[in-house]
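Here the chain labels run A, B, C and D in written order, and each chain numbers its own residues starting at 1.
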Amino acid sequence: MCRVIQILFNTLIYGSEIAIIAVGVALSYSILRFANFAHVQFAVVGAYTAFSLHQYAGAPIALAAVLAALLTGLFAVLVDWLVFARLRNITPEGKMIVSWGVALFIRSIVAAMFGGSARVFDVSSDTLSIGGAFFTLQDVIVVAATALAMLALHALLYRTLAGTALRALASNRDLAETRGIPAARMIGLMWFICGTTAALGGTLFALQTRLQPNMDLVMLLPVFSAVTIGGLDRVFGAALGAVVLSLAQNLLISVDFGTLFSGESWSVPTQFRDFIAVGAMVLILLLRPRRIAARAAG
Amino acid sequence: MKLGFSVLAAVCAMVAFSALSPGAVRADEPPVSVGVIANLTGSDPKSSVDMVHGVEMAADALNAAGGVKGRKIALIVEDSEYRPQAGIEAATKLFDVNKVDAAIVFGGSSVSIPIAELAAPKGKILMNTSASSAKLGNYGGTLFSTLPLDDIVGQQVGFYAASKGAKTAAFIVPNNTFGTGLMESAAKAFEEKGGKVLRKIAYTEGQPDYRADLQALVALKPDAIISAGYGDDTRTAFKAARELGIDAPWYVGYPSIFSVENDAWMNGKLSGVDNGGLDSPMGQKLKAAAVAKYSAEPRPHFYYGYDAMMLLGLAMQKAGTGVAAIKAALPDVAKSYDGATGKIEWDARGQRINPPMDKFMFKDGKLQAIAN
Amino acid sequence: MTDFIIFSVTTIAIWSVLGISLHLQFGLTGLVNFGQVLPFAVGAYGAGFAAVHGLPIWAGALIGCGLAPLIGVLVILPAGRLTQDYWALVTLGAGEIFRLAMLNISGIAGGVEGASVVRLGDRTLAMVLALVLLTGTALFAFRMDRSPLGRLLRVLREDETLAATLGRNPLRFQLVVTAVSWVMAGLAGVLYAHVTGYVSPSSFMVIETFVIWTAVVLGGPNTIAGVVLGTAVVQLTGVSTRFIAQWSHLPSELVANLRLAAFGAVLVLVFLFRPQGVIPEPKRRYNADSR
Amino acid sequence: MTALALSGVVAGYGAITVLNGVSLQVGDGEVLAVLGANGSGKSTVLKTAIGLTRMTAGRIDFAGQDISTLPAHRRAALGMGYVPQTRNVFGELSVADNLRMGGYLRRDALGPDLDRVFTLFPRLRERKRELAGNLSGGERRMLAIGQTLLLRPKLLLLDEPSSDLSPVMVGLVFDAIRRIRAETGIPVLLVEQNVTMALSLADRVCVLVRGREALDVAASALEMADLQALFMDGGVR
């Protein structure tokens, strides 16, 4: 029983870390119709900004995280203004390639500024236990912060005029413009949201582990996998996808298939975690292409 | 701000350094070039950069003492990006354009082996400071390792865990040549002494958490955890173990490259086998110098890099430049060289034999040498 | 110096073959393959498999070049039902799945350890072989470009519905193109394995795909000369930064990072200021009836 | 006084030019019907008026100012209400949210206007919570018109309001348009395939042939023979 609870905890924790980054990929896809590889870079930039504010400027972590999120939001707007805004009319594939270039550029600049070595937030957290399952205060903070961010994002998209306008823009760009919705400014807002959520996710991720310029590569596949599972253009689908992916990973490597079938203990080796993530992504794409194709066309 | 400062300072230092060296050789001959190949970008360049620092430190020391037969040593540092292709490119440039006789290499076997493949037919010398795959033994005569191979350290770790009375053990290593290589030799040694291996976990490096990976150990309750790995991943693994309430002691290879996550929890729980000499007077002196120069305590690869450069310098000093001469002189100068990583002795494969092995335990916030 | 030039030419030639292979898929049919490293890896692992299991070199080459198009066909099948960007993600994933499988299943070709294969000792021979392969693929691609099939494919690329009304099934032709171009990439992989003398999973990371993309996009994805030129520029940029690092005396770590930043910047700048690439596709008129 | 004037407009999509110098005016309180064969550029006239095409020459005046270079959302802010023929609702949004978006530019409460829309199209009130994507074609057309009305437009641009609808639905939609006209007297630029329905509403008729106006007469002066000639051979008399 406690194994089950533990697996659920692990699922929730890892799922949260991925989800908050994944929502932005889906949001930008829903409006601009391309998969932005540079999105995870916002997470890296946000995490480093938070780290600098905390370590060098002495801001408390919570404040540093919020400030970093806002700054990264502006950074995302800047990146759009410099690059993507000038390339609105090229093909989605072209934008994907460009976003890769942007990602490589940002990663290298971050590495040049901070050095390639890892840095860690100076926080320690204590273990808590419920029903024999273990987790830490930090985990609680990560899950709670993610949940809060999700609620805030949901309220923004579904309860405010600007949020509804964003969804309208995603649904039908031309129509939205003829209703007086200023697409350019709304896209700016969208980038701000993407930058903010990703930065928050990156900071939480770094709090749990460490900071490294190439942490984007660690996050890239699970994030894209989660977004694909949820449907590329569905913001909260991406969050759900993250949890589903996390559950699949945790279940597959935790369940002792050997004992289940033959008695000899055998589980999926843990190094297959990434394999599961990528496999799930491809499988989803192969199994449910009709829905995806239809939505992308409509 | 502090960051910009340190970058600026580094730039200034480098400019100053480079401005000095041509000045010193103006009178007579051009400097002797020595190549360094390391992953300055790519995954986890921390140890790699440390290795380069060690090489720099040794080159400085040699130059301060008059260089090699009156010629200064000039380092040419190339990035391998931790990609075989970039590593080969770097090596080809060093050997062919810069005409270096020898290169000091940091990098996993995926980078080191292709470079060794390239160097062997050219007859160039490689000093290996990091890769520990047994495959590197195939380049005897052209490749010399300052780092003992995994099997030696792994075996020692396995014996050590068994000697502490552990009957069952679980293994936690990164899924790379270093991790799996050490795991296999340690497991073999542990089983040889009657121990039982409960589970082998090879984790993907750089993951945010290893809780899921370590999950199974909660139920298995091993007497010991045998491990190896580079700093940041080990820190994450410790954290996962602590959070899951896994209380077994850790016996590890190279504890000095580990990062400890929670000092109090780790106190007395982490011990392991590391290269000897780090605690020697020579090692201590170097450490102080490194702290002064780079304002950070060096990790072990600093010493492997230092020894590699020192040996090369001494060999060149003795036999002059020229690949054949250096190759012949290397084992000789090693005999009288008191290395930062202890006495260095090579077998025919260019691998260290009888490297001094010390045991360390993490106590009171730092690693301390313990009696064997 | 000669060895270094030989090395550079060999590298450019092998990567150009990969570029041309990508050109055939993207430039000709508009397929966006983000897993171009996959057929390359399959080819190399054919050689690795043969070496580990004691098979002769030609058997390894056969396995590599035979398996590459077969996997290619598997990967292309969903392309008919998916939009381009979704399919691009499939190819990206397929490449990673193969790499992770090779990494974690040690029985095939050494797993994490990688596998040593016979290395071509004669570097000039290696270069000549690479150039022969490049010339072969370039000629083949050129013929394909100018053939009735090539013309049809360009129409397909511009307008799939128009193509469909012409009564041709785009997928069938995409299959043909993919199979052909993946054999090319597979061959490049086999050659790469024997030039390097070693095969390991870290040679086939996602980033290699983007190196190829950068070259293709830079040179102009629709001409063969552009592809070769783009590859050369990318490789030489990489090489030249090494010399810049040496002369400028900046910390090597900094220069190494700035070099990668330069790659990213080049990719973005090309899209911003010269989207047609250095060598643009010559304007041609097609008569839909002249098939 | 003209509400909308296009003079010598050349416009199209990407590299393709559809309008080759169109000039037409919609007078205050007037309904101008634009007729023409398929591909003559009727819908493009509306899209160009609202600013969704690439315009390379000519000039558009609305409400006394040159709007040629304004983006679509600014034209909407000036009071142009555009009802597209297809993709005319936000499919992923609820009916209520669709209506809210219609009033996006307004700072005052939508309440009274919403009631008007619901009286005009009672069906929409019943399906308020439904996703617009789940509505029938007729309901979508109603929603699109209702949405546009919330903008409080000074000019309506209607793109084939009868297309793809059942005769009953066509009747409902045109009745609604008549009621709007009766209540507000708002000028309308109407593009239609259904000539009979168009003529029942129009004050003036303009016929497009190959992206240029070929005929511009009062609806009452229109001769069917001329119309047919223009539709059949696309020739100018």
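The rule we apply is simple: a residue touches a chain if its C-beta (ideal position, glycine included) is under 8 Å from a C-beta of that chain, and two chains touch if they have at least 3 such contacts.
Just so it is clear, the model here is predicted, and its values are computed rather than measured.
Student: Count the smallest number of chain-to-chain hops linking chain B with chain D, moving only between touching chains.
Tutor: 2
Student: Using the touch definition up top, find the fewest steps from chain B to chain C.
Tutor: Between chain B and chain C, the shortest chain-hopping route counts 1.
Student: What is the chain whose Cα centre is as far as it gets from that of chain C?
Tutor: Farthest from chain C by mean C-alpha position: D.
Student: What's the distance between the Cα centroids of chain C and chain D, rounded to whole Å?
Tutor: The separation of the two C-alpha centroids amounts to 51 Å.
Student: What is the distance, in whole Å, between the centres of chain A and chain D, each centre taken as the mean of its C-alpha atoms?
Tutor: Chain centres of chain A and chain D, defined by C-alpha means, are spaced 42 Å apart.
Student: With chain centres taken as the means of their Cα atoms, state the distance from chain A to chain C in Å.
Tutor: Centres of chain A and chain C (C-alpha means) sit 30 Å apart.
Student: Please compute the C-alpha centroid of chain A, do the same for chain B, then give the distance between them in whole Å.
Tutor: 35
Student: What residues in chain D touch two or more of the other chains?
Tutor: As it turns out, chain D has no residue touching two or more other chains.
Student: Check each residue of chain B and list the ones that touch at least two other chains.
Tutor: 7, 40-41, 45, 49, 175, 202
Student: If you look at chain C, which of its residues touch at least two other chains?
Tutor: In chain C, the residues touching two or more other chains are 103-104, 253-254, 257, 259-260.
Student: According to the definition of touch, which chains form touching pairs?
Tutor: Those chain pairs which touch are A-B, A-C, A-D, B-C.
Student: Help me check something: in the complex, which residues belonging to chain D touch chain A?
Tutor: Within the complex, chain D contacts chain A at residues 50-52, 71-73, 75-77, 80, 82, 84, 87-93, 97-98, 100-102, 104-105, 147, 151.
Student: Sort out for me which residues of chain B touch chain A in the complex.
Tutor: 1-3, 7, 40-46, 49, 175, 201-204, 206-213, 215-216, 218-219, 231-232, 235-236, 242-245, 259, 261-262
Student: Contact residues on chain A for chain B in the complex?
Tutor: Interface residues on chain A, with respect to chain B: 3, 6-7, 10, 13-14, 17, 52, 56, 108, 111, 113-118, 120, 124, 127, 129, 134-136, 139, 205, 208-210, 212, 214-215, 217-218, 249-250, 253-254, 256, 267, 269-271, 273-274.
Student: Mind listing the chain C positions that touch chain B in their complex?
Tutor: My answer: residues 1-4, 7, 11, 103-104, 111-114, 116, 119, 121, 196-198, 200-203, 205, 207-208, 238-239, 242, 245-246, 249-257, 259-260.
Student: Quick check: in the complex, which residue numbers of chain A touch chain C?
Tutor: Residues in contact with chain C: 33-35, 83, 86-87, 90-94, 96-98, 100-109, 111-112, 115-116, 217, 220-221, 224-225, 228, 232, 269, 271-272, 274-275, 278-279, 281-282, 285-286, 289-290, 292-293, 296-297.
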